[in-house]
Structure formats: C-alpha cells, structure tokens
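Common to both upcoming complexes is chain A, partnered first by chain B, then by chain C.
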Partner chain A sequence: MTMLPIITTVVLEYADVPESSITRDTDPLRDLNLTSYDLMGIIGRLESELGVSVPEREIRHLVTLGDLDDYIKAHVGA
Partner chain B sequence: MTVVVARSPGEASASEQREAARRLLGLGLQRAFGISPTEFEVERNAFGKPRLCGRPDVHFSIAHCGRAVAVLVAGQPVGVDVETVRCRDSSVAARCFDASERSRIDAAVDPDREFFRYWTLKESYVKALGCGLYYPLNRIHIDVSPEGEPESDKPRTRFRLVEAFPAVVIALCWLGRGERTTQSDPVYVEW
Partner chain C sequence: MGTALLALGVAGRHVALVGESCYSYVVSYLAVVNAGAVIVPLDRELTVGELVHLITKSDADLLLYGASLADDIPAIKDACPRLGRIVPIDLYAAPTEDVENPGVRELLRTGRELLARGDMSFGDVAIDPDALCAILFTSGTTGANKGVMLTARNITAVVHGAYSLHRLRPVSLSVLPINHSYEFNLHVLGSIFGGITLCFNDSVKHVRENLDRFRPEMTLMVPMIVDALYKNIWREAEKNHLATHLRYGVWLSNAFRRVGIDLRRYYFKPVIQSLGGELGMIICGGAPLRPEVVKGMSDLGVEVYNGYGITECSPLISSNSALANIPGSVGVPIPCVRVRIDSPDADGNGEIQVTGDNVMVGYYNDSEATARSFTPDGWFKTGDLGHLGRRNALFITGRQKNLIILPNGKNVQPEELEEHLLASIEYVKEVVVHSATDDSGVERIVATAFLDATFVEVVGPDEAEARFKADVARHNRKLAGYKQIHHTQVRDCEFTKTSTKKIKRNEALGAMP
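Now for the complex of A and B:
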C-alpha cells in the first residue's frame, strides 16, 4: 500500500505548495524549495508516525518522494 | 574570500530567493575575480554542487532562505549555509548531533539559535566538500565557542558565523588545504 498520502500530508507542513503539485516524482529539495534541514525533519516525522527507521546512509538514495515511499513500504513493520 | 549577504524585507518566495542569489553571485564574482556579473555560466557537479563553467580556479557556494541570501566566493573550496531560526526539531538533533553537541545546545541561552548555529556549520562543511546529503552530518563534530571561531574535528577546515540579521544564522566554511586564507568582512547589499 502506498504511503504517499501520509508523506504528502507531512511534506505540506513544510512546503507552501498546492497538494496537487506533489507527486511520486517530486524532488523536495529541487521542486519544493525545501532545505536539507526540512528533509531531515520530514523523515523524522515519518519515522515517528510510521514506526520505520531511515538510516542516514539511505537518505542519499531517496531523491524523490516516490523513492521515500518505496523505502518506507519495504521497511515499515520490519 | 568574498562574502556577500542580503536580508529580505519580508518572507521571500523561492523565485525571489533564486533571483537574489544569482545577483549576489554576480557581485561576489566581480569583487573576487573581476568576472563580469552578466557573463558567467553555472553548471553542477554529480552531487549538485554548482560551479563556474571554464573556471576551475573559482569556488563558490550559495545559500538562501526566506529571510536572507548569502554567497561565498573564494579560490579554494567553500561552503555557506543560511537558515531562519525557528523551533528546533529534536529528531533532527538526535540524528545529526552527538551527545556533546546536543548538551551544548540545550544549555545555551537561546537553544533554538544555538541549534541552527550547529546545523548551518555542519551544512556549510558538507557544501564545501561538494557532496550534500551524501555526507552524514553526524560525521563531523563542531564546537561553538562564545569567543573565537567555531572549531571542528576536521583538519585544515575553518568556520565562521555571521549573525548580523535577527532570526537568521549564516555559517561559512572554507577548506584550507594548507593555504593561508585571507578573510574579508561580509559585504551587505540591498535585497
């Protein structure tokens, strides 16, 4: 099951953009003008809400929100 | 080393930030290297760090937030970061700061501002390295002292904080590579 709706809800707390502009292909740093600090906060929120851990070494590979969705789906409840 | 900074009169949009950053970069390149502010092209390395086309001797870094823009231009690798001071996120602190750093932040007079001093200093370091999020922030230890420059556990690396604007922290980092670096005071320009 996709986690994108939950990811989108959290992202919208950081980015002042319409919800319709957020897709799997969205790069939060490039497309939403978020900073790496915002990204760390978003990941921390998702870890807390979904009970998943995203190690520092994995963050570099999570370029788009689709990448983040795929990672969380594969590791939630693990 | 040339530092150019500008404070936004209000909360600047993303496009306003980018436009101001481009203008400040032109000013910095002109001051530091005599490069015409209308005749330069920027490309990015594999990690997204911008560099000047055809001028490998020119190093620069750009940072912007809703309140300010900062540009650092030098003849050696440099990094700059700027953040608006807001409520600190404890999950970010747990991920990126060690126990000593967290303890110093919690004990500070203004813990939120102290948090963003540490954050921007670490970010300025990874920007100087040119690898962005590819370098975990918990791999560098920073000591912010009320007196003197911030220090780290990395050799030939120097830092400076610029805190001329309310609610904004700007951090500068330059990689010495054994060279003597001439610091210059920030140039403050109109937004």
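Now for the complex of A and C:
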C-alpha cells in the first residue's frame, strides 16, 4: 500500500505548495526548494508515525518522494 | 581504552575514526590522541569509495567505526589492505569473536585487566604539544582534498580562545557532525574544558525531539538549522493565527528593552518552549548567517552569536559573543589569533590572513599546497575576503577561491563535481558547477553545461536539457547528500576561456535557473 498520502501530508507542513503539485516524481530538495535539514525533519516525522527506520546513509539514495515511499513500504513493520 | 590501544601498538600510528555522535566516539578520539597516535576523523556521510580514498591518503593503520558503518566495513576492509585492525566502537554491539579485530567492549576489558596488573603506560605517555595530533580532510575526494595537520597546541588554543569570549551554559546539545573540527574542538572539547553537560542528538532527524528531551541552554549550529528553527517559529505562529500577536509582542518587548527592561523570556515563553524551554544561546558558524535571523531570534529571547573559522585554523578565527555582538560581522578575533587584511582595496576589503597558535602545521604529504597557503612571512592565507571594522570586528565580503560553502557548513569543491560530470555524461562538453541563491535565500549547487552540438541537434534542445537534468539526478545518487547538484541549466554557447584555455568561471555565475 502506498504511503504517499501520509508523506504528502508531512511534506506540506514544510513546503508552501499546492497538494496537487506533489507526486511520486517530486524531488523535495530540487522541486520544492526544501533544505536537507527539512528533509531530515520530514523523515524523522515519518519514522515516528509509521514505525520505520530510515538510516541516514540510505537517505542519499532517496531522491524523489516515490523513492521514499518505496523504501518505507519495503521496511515498514520490518 | 587508551591502555588497550597502546597494547595494540597504536602509538605513533594513524587511526581513522568514523561514526555517529556518541559517548564512545569521544572516548575513542581522546584515547587515540592521548596514546600518542594521530586521529583521522572522517565524515560518515561519505560513500565507501570516498572513505577508502581518505583512509588510504591518510596512511591510517587502524579504523575505529560506529554502528551506522557496519554494513560498509567488508568493502572498506577489502579496499584498504594497510588497515591492520578494524574496531567497532558501538558499546551496544554483540561481543565479537574476532580476536584480531576486538570490539570496543573487548578493548575496555583488556584495558582494565592491564591496568589491574599495573600497566601505567597510557598515563605515562608524554604529549608533545607541537607534534601531529589530528589530520582533518577538507572537502573534495579527488586531488582537491587536503589533509589539514593539527597539533594539540592548535586545538587547545581555539578551545581556550573561544571560551575566553563565551560563557558556557550548564547543558548543551551536540547537533552537528562530530567529525567536524567546529563541533569536536569547540563543542565536545569545549564542554569538557568548561565542565558542562553535553547531550548528543542521535540524528538530525530528531533535533526537535531532543531539544524537548534534553532541554539544553545552549548549542552550536550552522546557519541552515538556525534559519529553519526561526522559519518554523513563524510558520507555527501563522498556522495558529498568532503571527500578528507575536509581531506585536516583539514590538512591545523591544520597546521595553530600549528602557532596560527585558521581558523576552516571559513574553515568548511558548516560543522558547518549542525549542525545549531553556535555550538561550546559539553559537553559529560554518557559513554566512543572515543578520535578520540573528536579530529575529534575539528579539524572541535566543541570542545567536555568529563566528568564522576554517579547518586550517582549528577552526575558529573570530566570534561574536555576549561581550560584543556586532550585526553583520563574524565577531572579533579570538585571543590567540592575529588577523590582517592583505592588499585592501578602496573599501578596505582584501584577503583575510591569520597567524597564531591555532594555525595548522601544513597539509599532509602536500608541501606544495602548504607553501601556497602561507605568505613569505608565515601568515595563513584563508582565501576569504573581508575587512576589519569597528571594535576590530571582522566582516566577510567574498571569497578568492571557487569553494562552495553551503548553509549547512559543508564545503564542496566544484572541480570535483565537474570532473565526475564530464567523465560520466558523454554529451557534456563543458560544465561549471557553482552556487546560486534560490527564491528563499538559500545557497544551492548548480551545474551549468554546454552540451555537444550534434547531440542537441539530434534530440532537440528541450529534450537535451531534460536528459541532462535526468542524468545529473542519476549522478547525484552516487554522491554524499550535501554534494548533490540542486539545479541544472544548459547554455547554447561555449564558456569564455582565458588565454590558457581555462573557463572564466565568473561568467557561469548567475541567477538560479
């Protein structure tokens, strides 16, 4: 099951953009002009809400929100 | 641990240390340097290839690593045959059966046994304050990066100098990467020097939670984090329809302050509560900080003192403090440092040059770069431009070198990224990597390229630009997060060159695409 709606809700707390502009292909740093600190905060929030851990060394591989969604889906409950 | 490391023959050797911020990292660092060995702290965000390059370049004989690196250790071990021993420093890891590579708990047990048998070798090590103590790498992973050689005298000079200016608060929170000289020398060693409690933030993902958990009264940060905290305060106020109320509170509080009544901690208690409840001082460095953030945080009751440093100066050169917080400046030189401005222009701006006990010995195995970095009379050339203003405060106005300094304090060598792009994307004929400021005032990495004319003709200009963007995105995945290119742009003509056929880089610097 996709986690994109939950990811989008958290991202919208950091980015001042319409919800419709957020898709799987959205790159939060380049398309939404968020900082890497914002991104870490978003992932921290998702970890608490979804009970998943995203190691910092993995984050560089997660370029788009789709990448983040795939990672969370694969590791939630693991 | 020091006794056990000495028994492993660590004295005089180079020991690489990479891991997360934690108590055992600090113990490991201090055990190494006090055993008469040389510590080589490495950035845990680096890729395996980058770590291997720096371990090799530093001639490290031993590697101490934290839990987050465990999966990468087999690859590092294979690529670094010189590493005699590889020791996990995670205090909570399962005991290891590997006798050749004991874990930190086995080392501690060995150390205790040796001490019980009367081995006093660790306490007897004589520390030469002018001997090599640490090698810290500047940015870049190709030939561009350099190993800064620091001595115990260099490091203790900045600790003492910094805290001659700043009065430490009883509890502080360590947020920044612990391998940075700014965090380790100033914050970790500074806390030990000042006898305060230092709490470790386990991940940048959890800053907010850890402010609540530890309720620090001070911390060291980089502009990106201070900026985010400040923006978040106002975002929350807007969300809760309290922004007008907060603006009025700031106006009223400032009016009271002008007549000597300071009610900020009372008026803005909810704001300060959102920062843990006790935070009153942030020392900020690593990159330029917007003066309006310094003033805005101060208006709300949190003083931000901006400073300036460079790894080669261990790193601190100057800092604002409660004694003098001069807007727009990076403060006054710390007591052990002398600063001069070389060849100032009509406005007084010239290269900032430094001398003092904090200045490095030189670059490891790079006498040419060392020679280039010092003036004939022995002053260190920072490559930054600025002037000394009122009350001897230093103002930074620019940079002579191409180095990109990001708001998170990380430095990026553009040439390193350019080499990678030219080597990995065949239709890129020329590329310049530089920084530009985006709409929100944040400094970002940009790649501006001139593409192969035939390629552009075949696929069309729009498709060529889209492919370049996609290929850069693919390339980004191989890089440490902070080095990733944020924006791309394509130009339709070659860059202008100098007579020696070097690209005139300034021509590429423009607005954010």
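Here, the second predicted complex is superposed on the first by the 78 of 78 C-alpha atoms of A that agree within 3 Å, B and C clash if a C-alpha of one lies under 4 Å from a C-alpha of the other, contacts with A are read in each partner's own complex, and residues count from 1 in each chain.
Please note the rule applied: contacts are C-beta pairs under 8 Å (C-beta built on N, C-alpha and C of every residue); 3 or more make two chains touch, one makes a residue touch a chain.
Since the model is a prediction, treat every value here as computed from it, not as a measurement.
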Contact-wise, after the overlay, does A:59 reach chain B, chain C, both or neither (first, second, both, neither)? both
Now for A:47: first (chain B), second (chain C), both, or neither, which partner does it touch? both
Could you let me know whether more residues of chain A are touched by chain B or by chain C? C
Go through the superposed model and pick first if A:70 touches only chain B, second if only chain C, both, or neither. neither
Who does A:36 touch here: chain B (first), chain C (second), both, or neither? both
Using the superposition on chain A as set up above, list the residues of chain A that contact both chain B and chain C. 33, 35-37, 40-41, 44, 47, 56-57, 59-60
Quick one: which bits of chain A touch chain C in the complex? Just the residue numbers, please. 27, 29-30, 33, 35-38, 40-41, 43-44, 47, 54-57, 59-61, 63
Complex contact set, residues of chain B against chain A: 14, 17, 65, 83, 89, 91-92, 94-96, 119, 123, 132-134, 136-138
What residues on chain A touch chain B, complex-wise? 33, 35-37, 39-41, 44-45, 47-48, 56-57, 59-60
In the complex, chain C touches chain A at residues 44-45, 68-69, 72, 203-209, 224-225, 227-228, 407-408, 438-440, 442, 473, 476-477, 479-482, 484, 486-487
